[in-house]
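Single-structure report; data block below.
Should a chain be cited, it is by its letter among A, B, C, D and E, assigned in written order, with residues numbered from 1 in that chain.
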Amino acid sequence: MQNVSVSVKDLSLSFGAVTVLDTLNLDIKDGEFLVLLGSSGCGKSTLLNCIAGLLDVSDGQIFIKNKNVTWEEPKDRGIGMVFQSYALYPQMSVEKNLSFGLQVAKVPKEEIDKRVSRAAEILQIQPLLKRKPSELSGGQRQRVAIGRALVRDVDVFLFDEPLSNLDAKLRSELRVEIKRLHQSLKNTMIYVTHDQIEALTLADRIAVMKSGVIQQLADPMTIYNAPENLFVAGFIGSPSMNFFRGELQLRDQRAYVHANGVDFDVSAYPSRAPFVHGQKVVLGLRPEHVRVDEAASGAPASHRAVVDIEEPMGADNLLWLKLAGQSMSVRIAGQRRYAPGTAVTLSFDMGVASIFDATSENRL
Amino acid sequence: ANAVDLEVTHWWTSGGEAAAVAELAKAFDATGNHWVDGAIAGSGGTARPIMISRITGGDPMGATQFNHGRQAEELVQAGLMRDLTDVATLEKWKDIIKPVSLLDSCTIDGKIYCAPVNIHSWQWLWLSNAAFKTAGVEVPKNWDEFVAAAPALEKAGIVPLAVGGQPWQAAGAFDVLMVAIAGKDTFQKVFGDKDEEVAAGPEIAKVFKAADDARRMSKGSNVQDWNQATNMVITGKAGGQIMGDWAQGEFALAGQKAGTDYTCLPGLGVNEIISTGGDAFYFPLLKDEEKSKAQEALASTLLDPKTQVAFNLKKGSLPVRGDVDLAAANDCMKKGLDILAKGNVIQGTDQLLSADSQKQKEDLFSEFFANPSITPEDAQKRFADIIANAE
Amino acid sequence: MVAFNSVTEEAALQAQTNRVVAGPRGAKPRRALSGRNIMIYGTLIVVALYYLLPLYVMVMTSLKGMPEIRLGNIFAPPVEITFEPWAKAWASACTGLNCDGLSRGFWNSVRITVPSTIVSIAIASVNGYALANWRFKGAELFFTILIVGAFIPYQVMIYPIVIVLREMGIYGTLTGLILVHTIFGMPILTLLFRNYFAGLPEELFKAARVDGAGFWTIYFKIMLPMSLPIFVVAMILQVTGIWNDFLFGVVFTRPEYYPMTVQLNNIVNSVQGVKEYNVNMAATILTGAVPLFVYFVSGRLFVRGIAAGAVKG
Amino acid sequence: MAGYTQGSGRPNQWLRNLNAKIASVPMILTAVVIFLGGTIWTVVYSFTNSKLLPRLSFVGLDQYERLWAAPRWLISVQNLAIYGIFSLIFSLLIGFVLAALMDQKIRFENTFRTIMLYPFALSFIVTGLVWQWLLNPEFGIQSVVRSLGWESFTFDPLYNADIVIYGILIAALWQGTGLVMCLMLAGLRGIDEDIWKAARVDGIPMWKTYIFVVIPMMRGVFITTLVIIASGIVKVYDLVVAQTSGGPGIASEVPAKYVYDYMFQAQNLGQGFAASTMMLITVAIIIVPWAYLEFGGGRKRV
Amino acid sequence: MQNVSVSVKDLSLSFGAVTVLDTLNLDIKDGEFLVLLGSSGCGKSTLLNCIAGLLDVSDGQIFIKNKNVTWEEPKDRGIGMVFQSYALYPQMSVEKNLSFGLQVAKVPKEEIDKRVSRAAEILQIQPLLKRKPSELSGGQRQRVAIGRALVRDVDVFLFDEPLSNLDAKLRSELRVEIKRLHQSLKNTMIYVTHDQIEALTLADRIAVMKSGVIQQLADPMTIYNAPENLFVAGFIGSPSMNFFRGELQLRDQRAYVHANGVDFDVSAYPSRAPFVHGQKVVLGLRPEHVRVDEAASGAPASHRAVVDIEEPMGADNLLWLKLAGQSMSVRIAGQRRYAPGTAVTLSFDMGVASIFDATSENRL
């Protein structure tokens, strides 16, 4: 059994009449990189703030390193936190920003210097130590903000959307750096984001949240390949998974999802329970799991589609197709181009598809 | 004894008044103590709240001026003021102060709480000889003649009657008219006995008629302070002013001579009666022994004959003791002394009415004088109401 | 490779656009005396005159001798400039027996204004900070009462405050007066500070808490250094308010502490014969000089602070 | 996963945020003792016949009956209403127009702003005195205009009972519009540049953009300004005293002055308190709902 | 020959002493979708504002539909504009927002209604017409903002980063809608963005700007495949193109770029001019143009690399490798995983590489 680093037990939190978190449970392993992923307003920051001690919980308990810290002050929890807006103290130099917390804690001068220079080295911000935050670029600021957590020498790092104020290029750079940092420090990290790319690339495990409830907690590939329910499936992946609402039909020893008059042969689908004929289901297909061919006259008519919009993205090409009146997206590697209006034939890899019950919305 | 600083607050800040206060201070300093002057300008309305706050707030001054009358009644009842009976008995105030009614106003439950310093009478009409000369009419000898001369003055561009904007001036002028026109008894019935029948009756109606005349004549005197109004008379911009004897100080300061430069008509030249209001000093109860001593010293200084003369000459008021020699007094003052000696006196409204009723009266008359659309009849009705509710 | 065909295409386009009729080029000409400018500057200048007129009259009158004033036109510049009214207002105008003008009130005003400003701002800023960042149950209720308190006429409160000060035994002392100024400055200042601190990024506050800073450390080390504009606004408001105060200065202290405005009132209201307008004006300007000075020096920060503290979308 | 160290139970609610609570003591005391206590005290004593000193001798509604029968009070209330309405309208109007002009990227903005703002540094007493001089018919604006030839020119608001309140208004606007202008300017500067651009592309004339787009967007600023102006209006006292002392007659009396005069000059505290209570009620009717929406309930953090 | 819709001639613009645009020339064809792409502060918005008439040019001319509009008011230029912050009139209903400009222009009532309902239909915002902007989501607001341009029935649409306030998911949805809008309306559109994906997917032509100068103006594939200089090459593509600084060596009938001790055989590179031996060059390789294989012992040692960081992104996997001490990124389709530390062999497709002169930074 691995050691548990952070453990949240039956956590509830309400603002007045609004309950944001309701008896939430979450265990985070030592050294794990856990990403809290969810759309805006789902309660990610609220959960993180509870763990940090910046919000008083309404009910439940929080343990860090097996110690009940539910009512501890933030500083006594052994956490460091990095904020979206950097939250650097504007009037202090970078060095002062890094050492402020240590000075408050009355750490001896030499120790402070040692830790600051170590953090500066790790983050490569030594040349910036004398500058004020206003003299730094966005990426540099975020690095200093990380440094501020670093010097505290804590067990758990909390990140609240640390990269979302940065532009795409910087974001991908810093993403790599955070990943590298985690690989070298091996701290527990809890990272809030609504960017699924960040979640997929950084996480050991992802907790997908919706309205304060964790929908699925698993490693990125499981989340991506076997989403537990319709919400997770739709939330992860860009462009989104294509959904076809239809019903299961079992005939000729094979299983089909019949949707909009089109039959999808799902016999190869590794379902958890036997299929039931007539069950209303939603078939989910990721854009990259669809193969596109020039319309060969011999192909079954049902899988013919017409190109609606084409979005060349350099490394690959995104096609928006009309399949039996429904719009769907397909991603093809490389730069093969399809002008709008081109007729194509599609084939699907049902081994990596997802099928959900239409009412419970859970994976079959 | 070593010099004790005693703070004395008052609202005597105009030229003549300040000179008079200086006399008091000089006399007090001569006793080996020190007069710390706490003048607050802007008349009693501004100063009184400050004084009362300080007394009730527990940081009282050594002595303070009030108008003689009922303004300090409650402070005394609340036990905040010092009982001067001992000093008074020792110095025989009962015998020397004239008229005795002055001391009565200081007496509450048989104890004496204030030292009167002067007698001010309200019932004077001050006339500018120069103005009448310009207008080409004789200087009037009574109110009726004055009213008759008004058109001539107006024609010459002179405001017949100067009335300042401060509300107490309008109310005071009315009281003066009342004594002059309705007589001493009616005055006593209305203000002394608060007889509303009389207040609503025909006698007072006549007074309101006269007030109506005064209102008409005062149109155009765009000044606030009483001494600015007096200054209009001094400079001949106005024909006359109904104002208390303190106006004399201003004439004196301007170097004008009674009789030649200006004329004074006590009781408006109709009814030679003067009221005996005035100023008095009250002494808050102090914990400090030495200061209490100094208070006693001040109390006796105030009534000292020499001080009385010096002070009143400057102030233009009459001394509170009958036994001092006022040889230096001018014509007008002498007239006043004569009337006083004859006993043609009444109590002032400050003594007869509560501050509350006084204020209501001021509101009424300041509105009446400023607003020609209020008929004398309406005003009289409201006046009678005030009297009916007065305490 | 398709790299170069756009070049030829461009050349073709170029050729075509060259045929476009030539027309206006460069910046649109803007006449300095356009109708719009005349309207804007005209209005502003007229308005500025309206605002400046009283100051102009005050200064001009204060530099004239009485005879010249009596001759009439208050707008005419002085024929003969005299500083005597200023000297008199400052050093020798009389109230009652004291003939030392405003000078004696000046230091009293300083002695009142400086500590009152400091204390009231210190307390209000801490209150505002507590309200904005450390909300606790009931805080908003007290704050609401406080804000409603801003509307209560001072006169109404004199009596209760006299009683409170008496019971505390500080009636008539400088401490008492400072307390009164602090009390009456509190509503609006607390509002300003609360809005300002609430406008600072909340994450900053959270970061400091994670760093282990407590209530006071955050206040002094993080919040204060960031709050110059709002402190300037508060400072200006308080200096002006307290310096200009007459009522409290005279009701809650004794004569040795009377501020300059009491002298001003005395000078202006003690008419000795004719009103000495020149002295009155000089006294008025002298009394207003300190707040005016504060304004001119820090006016720019004032606007910035107002924007940050008073105006929330 | 066994063996969590327990402890760290829910601490006493009173002790949480202790420092913040301690720091708020001055505010709480002021709010409760002075403002709330003082108000209750005032209301209670308004039912007594206290004269010079407060006394608990109750007389029911007598003071209020007398108050509402007093012509001076009625005029005061009427004056306050006129003064209040016009001062609100004109402050907002002038303040906004000036701010809009200042927002046109003009030159000398600093100078103009300072000129408009400096009167705010002066007390009402000074303001009142200055305007009393300027409006004095004998040597003020009227006499100057007359000396220029318009012999019949009349401008003596302070000496004309019908318009005296407008004379006071002129001075009040002179003193206060600068601040309003600043507030409005700050508000205008907070408006998204893109809105202006969008309106220009749409071809909407400037004045229409102000009226239909910008002003509705500045609701918050207008409310703040309204509160600031309104709190000043209710309290107006010094200005009247300095300019007219309520005259001519009682034509420019205002409630605050009534309160003060009756409490201290007439030595009838009960009457003064009754008048104060009426003022407080008016204020409460206007303010409390606003203050509650703005600061009470809802919108909580931490 | 195609018609020119918008033409910018020798445009200069300075703010005080700072020159933001300097004699810039740009011709936009009728019906073209032109994207202005560049990093923050490069002058994109400034250029767009000049075209819209919201900024006064310092010098030069602007023609729209062959009419010199340099001094025209914005409303008379026949343009509609969509802003990043939406710039909706907050207190007006959606309907009022759309019709306000027309009302001011005194368009007859029926005509207004017709245009508004047409725009609402195109953008599918009919159900929202009665709402206030504050009651709309970000995407809906942006749609209304587009509608406001739409009702004006103009020739040219100007977009200033219309999608950058939206989250990734919405962004990709609206991107498709704008593309569809363009396909159906066929107006000229000028679109400012700093997001290269938007640029690549939407544009007929992209103008890449840097410090007020257009670096390259070409169709997206040209820009992506044959960047004109080092800046364009680095700016386009995510992750960025990998750059190797080295020198050209011609030996054994073959051409090599020798960088960090590694030889890259570039004989297959379609250079514009003959290679010069010893020339200092920069070799650029896009991450998706590198093939990764398990380290086969037979491969040339020089192309051996070690996996440093792995970023699985669901549909593909991003590897950060160390090649001869230099970090480089590689993108591989599918979900093949490489743990950090794994040794791999690389092979390169030089036909799609880019080589730049190291000093002029221009493409060879």
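Going forward, a residue touches a chain if its C-beta (ideal position, glycine included) is under 8 Å from a C-beta of that chain, and two chains touch if they have at least 3 such contacts.
Here the structure is a predicted model, which means the values were calculated and not measured.
J.: Return the chains shared as contacts by chain A and chain D, ordered by label.
T.: Per touch definition, common to chain A and chain D: C, E.
J.: Which chains are in contact with both chain B and chain E?
T.: Touching chain B and chain E alike, sorted by label: C, D.
J.: Computing the C-alpha centre of each chain, which chain sits at the greatest distance from chain A?
T.: So the farthest one, by centre of C-alpha atoms, is B.
J.: Could you work out which chain's C-alpha centre is the most distant one from the centre of chain E?
T.: B
J.: Would you mind pulling out the distance in Å between where the CA atoms of chain C average out and where those of chain E do?
T.: Chain centres of chain C and chain E, defined by C-alpha means, are spaced 50 Å apart.
J.: Determine the centre-to-centre distance between chain C and chain D, using the mean Cα coordinates as centres, and give it in whole Å.
T.: 16
J.: Please compute the C-alpha centroid of chain B, do the same for chain D, then give the distance between them in whole Å.
T.: Taking the average C-alpha coordinate of chain B and of chain D, the gap between them is 39 Å.
J.: Report the inter-centroid distance (CA atoms only) between chain D and chain E in whole Å.
T.: The answer is 55 Å.
J.: Among the residues of chain B, pick out those that touch two or more other chains and give their numbers.
T.: Counting only residues that touch two or more other chains, chain B contributes 49, 56.
J.: Residues touching two or more other chains, restricted to chain A: which are they?
T.: If we look for residues of chain A contacting two or more partner chains, we find 54.
J.: Do you know which chain C residues sit against two or more other chains?
T.: Each of 158, 265, 268 in chain C touches at least two other chains.
J.: Where on chain B does chain D make contact in their complex?
T.: Those in contact with chain D are residues 44-45, 48-49, 52, 56, 71, 73-75, 78, 165-167, 222, 224, 354-356, 358-360, 363, 366-371, 382, 389.
J.: Report the residues of chain D in contact with chain C in the complex, numbered from low to high.
T.: Listed in rising order, the residues of chain D that touch chain C are 13, 16-17, 19-21, 23-24, 26-28, 30-39, 41-42, 54, 97-98, 101-102, 104, 106, 110, 112-127, 129-131, 133-134, 139-140, 143-144, 147, 174, 178, 182-183, 185-187, 189-190, 220-221, 224, 228, 230-231, 234-235, 237-238, 255-256, 259-260, 263, 269, 273, 276, 279-280, 283-284, 287-288, 291-292, 295-297, 300-302.
J.: If you look only at chain E, which of its residues touch chain A in the complex?
T.: Residues 39-40, 167-169, 172, 175-176, 179-180, 183, 194-197, 200-202, 220-221, 224-225, 236-240, 286-288, 308-309, 311-316, 318, 320, 331, 333, 335, 340 of chain E touch chain A in their complex.
J.: Can you list the residues on chain C that touch chain A in the complex?
T.: By the definition above, chain C touches chain A via 201, 203-204, 206-213, 217, 221-222, 225-226.
J.: Help me check something: in the complex, which residues belonging to chain C touch chain E?
T.: Those residues of chain C that touch chain E are 1-3, 6, 10, 12-14, 16-17, 20-28.
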